[in-house]
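Below is the structure I would like to discuss, written out as structure tokens.
Here the chain labels run A, B, C and D in written order, and each chain numbers its own residues starting at 1.
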Amino acid sequence: MTKTVTDVICPFCGTLCDDLEVVVSDDGKQLLEVYNACVIGTEKFLHSQAKDRVTRPRLRQADGSWKEISYDEAADYTAAMLAKAKKPLMYGWSSTNCEAQSVGNEIAEISKACCDNTAAVCHGTTLIAVQDIGLPTCTLGEVKNRADRVIFWGCNPAHAHPRHMSRYSIFPRGFFTGKGQMSRKMIVVDPRCTDTAKMADVHLQLEQGKDFELLNALRVAFKGEWLPDVVAGIPKEKIREAADMMKSGRFGIIFFGMGVTQSIGKNHNIDEAIAVTKDLNEYTKFSIMPMRGHYNVTGSGEVFAWQFGFPYSVDLTRGFARYNPGDSSSIDLLTRGEIDAMFTIGSDPGAHFPISAVKHIAAVPSVCIDPHLTPTSGVSKLHVPVAFNGVETGGNCYRMDNVPIDCRKVVEPPEGMLTDEQFLVMVRDRLKKLKGAA
Amino acid sequence: MSEYIIKNGNVFDPVQGIKGDKKDIAIKDGKIADKVSSSAKVIDAKGMTVMAGAVEIHAHIAGPKVNLGRIYRPEDKLFSCTPTKGMERMGSGASIPTTFKTGYEYAKMGYTTAMEAAMPPMFSRHVHEEIRDTPIIDEGAFPVFGNNWFVLEYLKNHEIENTAAYIAWLLRVTKGYAVKVVNPGGTEAWAWGLNCLSVNDPVPYFDITPAEIVKGLIEANEYLGLPHSMHIHPNNLGNPGCYETTLDTLKLAEGMKAKNKFGRESVLHLTHTQFHSYGGTNWGDFESKAKEVTDYVNKNKNITIDTGNVTLDETTTMTADGPFEHHLTGLNHLKWANCDVELETCAGVVPYIYSPNISVCAIQWAIGLEIPLMMKDPMRCYITTDHPNAGPFTRYPRVIKWLMSKKARDTQINAFKHKDKVLSQTSIGSLDKELSLYELAQMTRAGPAKTLGLGHMCGGLKPGMDADVAVYNFNPDTPVADPENIEKAFSRCAHVFKLGVEVVKNGEIVGTVNKRTLWVNAKVNDNPQVKRDINEKFLKYYSMTQNNYEALGHHFVPNPYALEVDATHV
Amino acid sequence: METVTITMKNAPALYLEADTITPDTFAGKTAAQIADLPVFEGNAPSTLGKYFEIAGNTGATAADTKIIVKGDVRKVKYLGMKMSAGEMVIEGSTDLYVGAWMTGGKILAKGNVEGFAATAMKGGELTIEGNAGNYLGAAYRGDWRGMSGGKILVKGNAGSDVGMYMTGGEIVINGNVDVHLMTHAEGGKTIVKGNATSKVGGQMVDGTIFIFGTIETMMPGFKPNGEVELEVDGIKGKFAHFIGDMGERHKKRKGAVIYANLYKKI
Amino acid sequence: MTKNITLNLISGRTIQQGVAIEGGKEKPLYRTACGIIELDHEDLKKLGAWKNTNVKVTSAYGSVIVKAIEATQGPHPGVGFIPMGPWANSVVSPNTYSTGMPTFKGTPVTIEVAINEPILLGIELVQKQCGVNVG
């Protein structure tokens, strides 16, 4: 016989779908089926049942082979590495729950490390822009119930957030949007004709890297001022038409993603997009929301913020918190060679950092805490597999609009495997002894 | 639990009517005791002031908009961080301190209980995580109800019982403490970019006026008999001439009686009254109406207020009053953050600099001081800065200095660039009153504890109450030579006890305690109508499922302390 | 003017945070006392003497103290931070935060400097003979009050985000600049003798930019406003005049709307 | 003489890339999903290459061998798309302009046909470039 666990949270992307149903065996050891999840979420749940999973920590030997060690030895190695390092970097935190992040922050404070989350390569520049100009936003339910103008700027939810459009932004029938998709105008701005753009009412296919100019042109169009004939490859008539469509809505929302955060201009692209939203609030009601990638990168930003005061790229080496992306952010620390130890958890910098940064991870003593086999665990000295967060252990996580939802344990982890929080507690206690802290 | 005896200190305790005479305070098993054994540790409080632990009734110290403020103000922490030291974790933030620093700063100033002023119900999990990370002080949080779709629909047909059933459900689900109302109706109108500027402006679509919302929620609060009265931030905050809206709102409470078993006598708490006592028609003829507001409150005994003093700092304003924050960013063009929460509320954050060189800020400072000095009954007027809106809570010693020393007020008035305008537009110059230590104890200990319904456990030194005690290095017998000594004495306590544990000694954190999260568990009759409405709204309009919403506060509050209320009317 | 010379003798493995190397902290100290000044390599506290050879003596006040920094200081940060008076000469190239938050005094960097030089500068002079990094004379993250005074001269090229949130002071760059010149500026003047790539003067409220070379892509928010004959930094010439940023809000002074000015040499 | 063309390279998510990273990065499915470059029809013609041939993508920061396929989300002439992963990050510009964010989108690259050069597995590609001895 089997039992079905309902209201399960999918631990993959920032949409944080919380209506999943998972069928598990009676003894709770086997996960059989997943309903209501997109194909990526289903794969994440089913992969926890893979037979070839690594279940014990392993230390890289001189001749390149792996040697299996116990969790205690792994914790000793990690604590010794962090205690000895003059400037360790503790990166990741985005695919683990807030409880583990709190313990991690204690470790970072005791070992005087730099800590950063995957915002460094995802929405870090969004946070810089928010710090310069603010953020008029709303929760996803407001979009579901009120939005009649939806703009996807530099993001491709059809691929990155597959259920976003059906759960919140385009198709649902909300309180004031009874006609669902028919009561919404959809604009997509992307240099490619993405699968999302193919569904849009208006697709502005701009030149790549010219978002700042096009956003500035929109603000000029709102004020009815002079415009050059073509801006970023878009004729000015089309710009004025798009501007009027935005102004004529009752409640508009701009979703933006990697297209603006990772292109040239970086934080200024988002700065100008937020300025567009603020200008539109003079004519109608408009909000803007970043499409966060990892399911708990927002949570990591929140925990860093209420414990240290900054959302990411926090430098604790002087015993108090300092922040300046470009100086204390992971990519710069690695490419400039400022780091002498690397601690990765809940992310995969090996695959998603530029190779010049990954070379530095391989060059220094490094620990990778990850249930999967990844390029990071491939180049790290110690690989500590832990239970899948959101599948085999619960904990709090934050959706892309900062709403906290409690993800839950659905199935038992393989025999004898610890969760990341348990392992971090072991590391913290050893570190306290090493550093002689009370 | 070790025993303590605080000998020959000057005790000020309005709960027992002690006005500064020398008494011994005995602490045993976390409670104030009549006597202790000879092995009790002796604390010599000779020439010092002994009071109960202070109670903060209204501060934004935990939650999503506070954290949004931390995230988007890195410059608030530049060169002003405190490193890790002994038991103290590192802290940073001048106007919005991190959670560890919040707990330590409150404890060092003698505060042992604090209330988070506005919790969006959907984000209560976030509030409780931050409460968990705020050391030492007990905390409770007020969920906001004034723009909640359920409340708007029930109160449109004046269904008090359904509203009460919904309030009981939400308090239990979010582990909340009291009914908080912010800009009733206006914040729901802000979801379309509009606002309700008077108590009679109807809310778009829901077609209910703020007056009906306020009146209905007071009745629902008394129907339930909750420990704290309804806590209101009226419409039209911060605009010249807004004192009329304030008086209209207060008039709605006329003739209502408090019905509860916690010793509370008020039915309505008007918060940060300074922001609601403005006269004039524009920023040019902006003037104080503190007199009109305090006259009304002096006459009506069922109302309590807190001041919301401006402390002339660079700070960050944050409130659930979305439209006001958008109006404010229109004035000072600084970075504006806003978050509309579905079906419930909104929040806005804008930095603001209260500069002594600007006449409006100076007048706001004066209004904030006029209110407590004009109130007849200190038990119904409490000192707050609506942290961080009018100023950070770390400035309380400075506010106390201004209230207790006319000389300090005069030196500040003389330092204003537009001194003449401050004297002409307000009556601060003619107020000679100086607050006594007893009145200070009423305004920061006994008063807030009573209106919060916590009068039986904190805010006083009567045997049997919690052993929350603050000892200040301030000799009431010697006349105050320099007002700065008041500020220095009240900034760092000589000793602070929390639940019988010594947590602060000579201004340093020396101990910690398993802090409690105060919440209200109200039992009501089974109400299938409300249960069906809740299921339907979660099915169709919320963006998360009901099970996940209801799992919000449960297993996540490490040390809950429930105040039981039985509202099952037969 | 008393002169102290410090020479790098023991290069740090990681990067050295030496915010104590300023005339203000050196003034009135003997060489031994200077050697005991704290510095940090990562989270390891250390003293200046371990890394630098210190010679010469200092003046009584910062104003009459001159510091000469010799040796390879490319991995030393915060030179001249919060400096209020006196002089400093950096023989080679150095790292981030040169003269950050400085309020007075003179700094001469003979080599290149990295990013965040002269952050939120209030006064004084910074001369860089090599290239400057990004965020030259910009505001700290989140602060709307950027560089408000002082002069910066860069003989080489400068990076991106020069003069962000600038409210006053002057920047002269002989070489080229990267993207985002004087974004969000509310005052101040920048002269670029080389070329600018794109995103010049985005979201500007006030202030002036002179570009002698070319601009690959103009901001749509800058409206052409005819041509004008000007003499800039001693060079006469015909300039195309643009006013902007039309998308931004603008103050009125005595009825006339105040725009930022962008002059591009023809 | 092998013809080569220069393009503007961008990287980003695809749903196949999402499934592959959750399925295990040590598996060949990851290479099939992310070891590709999507080229516009015209660019493929200019390069004179058949569809699904191995090409060498070179930038100022590195080079990698990937399979050239026709754009699934085009047309986007002049723009090449490699799904985010070790292949894309071998050539992407690490210049962060002091904002902490590397320029994942907008790196000029040159592409030339390299028929018989193998496309490495994900973890192997990173280990080889970092010189990690895997014994």
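Simple rule for what comes next: contacts are C-beta pairs under 8 Å (C-beta built on N, C-alpha and C of every residue); 3 or more make two chains touch, one makes a residue touch a chain.
Treat the numbers as computed from the prediction; the structure is a model and nothing was measured.
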{"item": "Chain closest to the middle [Cα centroid of all protein chains]", "value": "A"}
{"item": "Chain centre separation (chain A, chain B; CA means) in Å", "value": "35"}
{"item": "Chain B-chain D separation of Cα centroids, rounded to whole Å", "value": "57"}
{"item": "Chain A and chain D: spacing of chain centres that average the CA atoms, whole Å", "value": "22"}
{"item": "Interchain centroid distance [CA atoms averaged], chain C/chain D, Å", "value": "39"}
{"item": "Junction residues of chain A - those touching two or more other chains", "value": "128, 131-132, 264, 316, 318-319, 323, 325-327"}
{"item": "Multi-chain contact sites of chain C, meaning residues that touch two or more partners", "value": "115-116, 134-135, 140-142, 144, 179"}
{"item": "Multi-chain contact residues (two or more partners), chain D", "value": "97-98"}
{"item": "All pairs of touching chains, each written as two labels joined by a dash", "value": "A-B, A-C, A-D, B-C, C-D"}
{"item": "Chain C to chain B touching residues, read off their complex", "value": "140-144, 249"}
{"item": "Of all residues in chain C, those that touch chain D in their complex", "value": "115-116, 133-135, 159-161, 178-179"}
{"item": "Residues of chain A defined as touching chain C within the complex", "value": "85-87, 111-113, 128, 131-132, 210, 212-213, 216-220, 222-223, 225-228, 231, 264-265, 268, 271-272, 275, 279, 316-319, 323-327, 336-340"}
{"item": "Contacting residues of chain B [partner chain A, same complex]", "value": "62, 64, 66-68, 70-74, 77, 81-84, 86-87, 89-90, 92-93, 98-100, 122-123, 125-126, 129-130, 133, 191-193, 205, 326, 329, 335-343, 349-350, 540-545, 547-548, 551-552, 556"}
{"item": "Chain B residues within the chain C interface of the complex", "value": "72-75, 78, 333-335"}
